[in-house]
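Worksheet for the structure shown next.
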Amino acid sequence: MPITTADLARFVELYADRLHAAREHLTALDSAVGDADHGINMDRGFSAVREVLPGLREGLPGALAKQVGMKLISTVGGASGPLYGTFFLRFGTSLGDAAEMTGADLATAVRAGLDGVIARGKADPDDKTMVDAMTPAAEALESNAASDLVQALEAAARAAAAGRDRITPLIARKGRASYLGERSAGHVDPGAASTTILFESLRDALGR
Amino acid sequence: MKKLINSTDRVVEEALAGMAAAHPDLLRIEDPNVIVRKDAPRQGKVGIISGGGSGHEPMHGGFVGLGMLDAACAGAVFTSPVPDQMLAATKAVDGGAGVLHIVKNYTGDIMNFEIAAEMADAEGIKVKAVVMADDVAVQDSLYTAGRRGVGGTVLAEKIVGAAAEAGKDLDTVAALCQKVQDNVRSMGMALTSCTVPAAGKPTFEIADDEMEIGVGIHGEPGRRRVKIASADEITDMLVGPILDDGVIAKGDTVLAFVNGLGGTPLIELYIIFRRLAEVLEERGITIGRSLVGNFITSLDMAGTSITLLKLDDELTGYWDAPVHTAAMRWGA
Amino acid sequence: MKKLINSTDRVVEEALAGMAAAHPDLLRIEDPNVIVRKDAPRQGKVGIISGGGSGHEPMHGGFVGLGMLDAACAGAVFTSPVPDQMLAATKAVDGGAGVLHIVKNYTGDIMNFEIAAEMADAEGIKVKAVVMADDVAVQDSLYTAGRRGVGGTVLAEKIVGAAAEAGKDLDTVAALCQKVQDNVRSMGMALTSCTVPAAGKPTFEIADDEMEIGVGIHGEPGRRRVKIASADEITDMLVGPILDDGVIAKGDTVLAFVNGLGGTPLIELYIIFRRLAEVLEERGITIGRSLVGNFITSLDMAGTSITLLKLDDELTGYWDAPVHTAAMRWGA
Amino acid sequence: MPITTADLARFVELYADRLHAAREHLTALDSAVGDADHGINMDRGFSAVREVLPGLREGLPGALAKQVGMKLISTVGGASGPLYGTFFLRFGTSLGDAAEMTGADLATAVRAGLDGVIARGKADPDDKTMVDAMTPAAEALESNAASDLVQALEAAARAAAAGRDRITPLIARKGRASYLGERSAGHVDPGAASTTILFESLRDALGR
């Protein structure tokens, strides 16, 4: 079953809900290694996204994703604004003018989004950022693209969470957490946590 | 959380409205949360803009005015502003001679300013950016996001603003800003945490007998957590790494800047300055100019930072030039 | 107690040493703890001195310089200076035209300044004293020590200092100081207590959801203890009694001064100013001049005070006149 | 047995010791109704007095009391500095050039000191100040002047304490506590407390 604009809108809405619910949790994670605003930032951005969402339901999925990205860039700020903004922007661009998308299109779009995040933030693998949750999720989607969408989305969500947990013992080398040096080891990366929620929302919104 | 606010959502907007009401002779507020010098744009003058998360007041909005910034972008508390703000500021101050972005080295600030510069470029405005990264608490290595921009930014904005006011061109003011960056070093410490309004509780827990050495201006944890010490010992812990960094040496003349982080009263900052003057004298360094007060703060955090800028005649001249902003004013 | 100090006994002395090191172009420190304008005494100029307990920085030492105070006496924290200090200050600044003592209305300050004036008189120096008592939180009745001198003192020192700089004689500057007192009203509030270094613990206990309305600058309890409110409500609670006092009315132009008590960051003061401007507009009162910042503090207390001074051309002219001190500077 | 300079010095020293011991207590009383410095102020003043005391033991009792008063004026500050300073100054002046003093001289000197405090501070009875402890003490000394010194000093100390306690329920009308209005009722006046310690020290130093 192809993925429609409505599906994408449902995903964005669910992600917005979950970010709102996780606001304190993400902020607490950022208190430990950063400046205590990641949950606030994401919630602010996705609250703004939620307001423009109704007007986007009628259009193309690519246009919706691009608008989400632009809204994030112009409302979030901080590190996560340009990064998630770029993710959605490139994700949308990758979809072009298609009216619907397949699981393979989704995998391609996520990869394009990830490439955008890397180009913007210049994080290497194991720098302990959202990239370390996004990369395994993108790979899981790609390697499951041929099979069932539900299964692919489940694999992506699990891979993101595994990525988040895998880097927890590492020392951060990008973003604010890097200022902590060795003291960053053992703390969950806030961006990896919000990326995990992204792929979990994608699974739960589309993977019925 | 005990704060003089109405709602955690409206802190920045209402503070800007207060600034506009208090300083109508100096500035105006434009959407989205940009503080613009009253008489901007000035034809033929290089525009100087800066910006960053709110919560560091008076930086940057308090530095908008004659001889300093043409505009400042106020992000959400401790969150880099968004590119729309920098673009709006850039357009508001462009008088045809180009615009300098003074950017503090934080991942978010860098990326958002970069996007804004791309957008301004697309609109045909000449933009240069200089990144301030003066905090010696962070090791300047490949394994970090690099040194943070802190107190040196205040000095850069004053000095560069004076050069722009004097009619220098974009390349010259950008080079001057880089010169300040190359000659300025800072380090800070906290006695208490700050509380981000929207978070509602202190960013970090700290015991009554502990302090954080090398803290960032967003309450980022510092180099190390140690037992609380005397003002003199604390001063030594801050000046030591600054001087060890090698930029400032025996025989130099410096601008000595003791900054309060928001919750520390002036009387304590002068106690720090006393020891700072003593240490510099011991090390054969002359204090040519000084600045003491709350200029780059971290909400209500109790603590201090020390910034030393190596002076020469050019920097001293621009430092002494007239400035008229809400938070820094002389000769005008 | 978390403070940047070395020893509770040396707080004042070391802060003064820091001031001397930071501002050698402006002031010198004389025994016993007197901050004297660098070029005092100036022949033929009326000397303006003030003083009080320490812990209110920048008041008064930060106001020593061109166009403001000739000397300031720094008492122990929250304790009126002793007469020896006022006498030393009086002698240090007397240029033959007499000396004005600006005294804040506290029992201790009044008595110590009185004794000093008797001593100065015995040495043949002409002294006049004006008492500042602008805090409307205290009922102006026979059953109290009278209103406290608070924020109005800062404005009086600026205005009177300008008149003395302009060569006015002792009677004229004394009358001008009284005119400021007659036209200025203030009220403050605290979110937290201050901690006197030598006491080592907060002066008063206050719950996380409470605030003290009408607090004094020494942490004296105020009019009432109430549940914490929004910045707008707090502003209204302060402006209301000031306007009800009857000195400032519809059609007047005022200098609006929002002051921080030491532990409150500037961003919050601007939120207060926003509402203040709104209220004044509603009441038909024009803001002619404004001042926002930490000028008369109470150590590390979190809180704010509002001061309104009814302006006329004379007061406005002296307010605008050049001033060059550590904490207030313009036109010079 | 007449009172000598040595006796007076012993009293001042004992008072200084007891103020030092009561430093926190007096400051705590002042926290409740004032600015949390009364104990600090008195201790600072009497520490300074203690340093000049050795040089005064050889002189006349009046000179000793006057020097104590001047030292207090120039080291205490606040309200208590000029008040206690004036007390000792007038006390000393009242003794004139006498080499020794009787119980009656002591009563006269205390009365002179009290008059000085009232002249300087303009407190009326029941304004809830040190005057309300000093006045009954002065009266007790006067009415017992003819009898035994030990008994007179005991009566004065008791009277001071009774005065201090009597005014505790009152509303303060002078000094910082007056700002509190009704909230001052029920709090011990710090100055009345330090005055009580003064008369207790006098009793314990001279009343052997």
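Here the chain labels run A, B, C and D in written order, and each chain numbers its own residues starting at 1.
To be clear about the criterion, a residue touches a chain if its C-beta (ideal position, glycine included) is under 8 Å from a C-beta of that chain, and two chains touch if they have at least 3 such contacts.
Remember, it's a predicted structure, so these values are computed and weren't measured experimentally.
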| item | value |
| --- | --- |
| CA centroid of subunit B to CA centroid of subunit D, Å | 54 |
| For subunit A paired with subunit D, centre-to-centre distance based on mean C-alpha positions, whole Å | 75 |
| Rounded Å distance, subunit C centre to subunit D centre (Cα mean) | 32 |
| Residues of subunit B engaged with two or more neighbouring chains | none |
| Chain-level touch network, classified as line, ring, star, complete or other | line |
| All touching chain pairs, where touch follows the definition stated at the start | A-B, B-C, C-D |
| Sites on subunit D touched by subunit C in the complex | 27, 31-37, 40-41, 44, 73-83, 120-121, 171, 173-176, 178-181, 183 |
| Footprint of subunit B on subunit C - complex, ascending | 2-7, 11-12, 14-19, 21-23, 54-55, 57-58, 62, 191-192, 208, 211, 228, 230-232, 234, 256, 258, 262-274, 276-277, 287, 290, 292-294, 297, 299-300, 302-304, 324, 326-327, 329-332 |
| Of all residues in subunit C, those that touch subunit D in their complex | 53, 75-84, 106-108, 111-112, 114-115, 137-139, 142-145, 148, 196, 198-199, 203-204, 216, 218-222 |
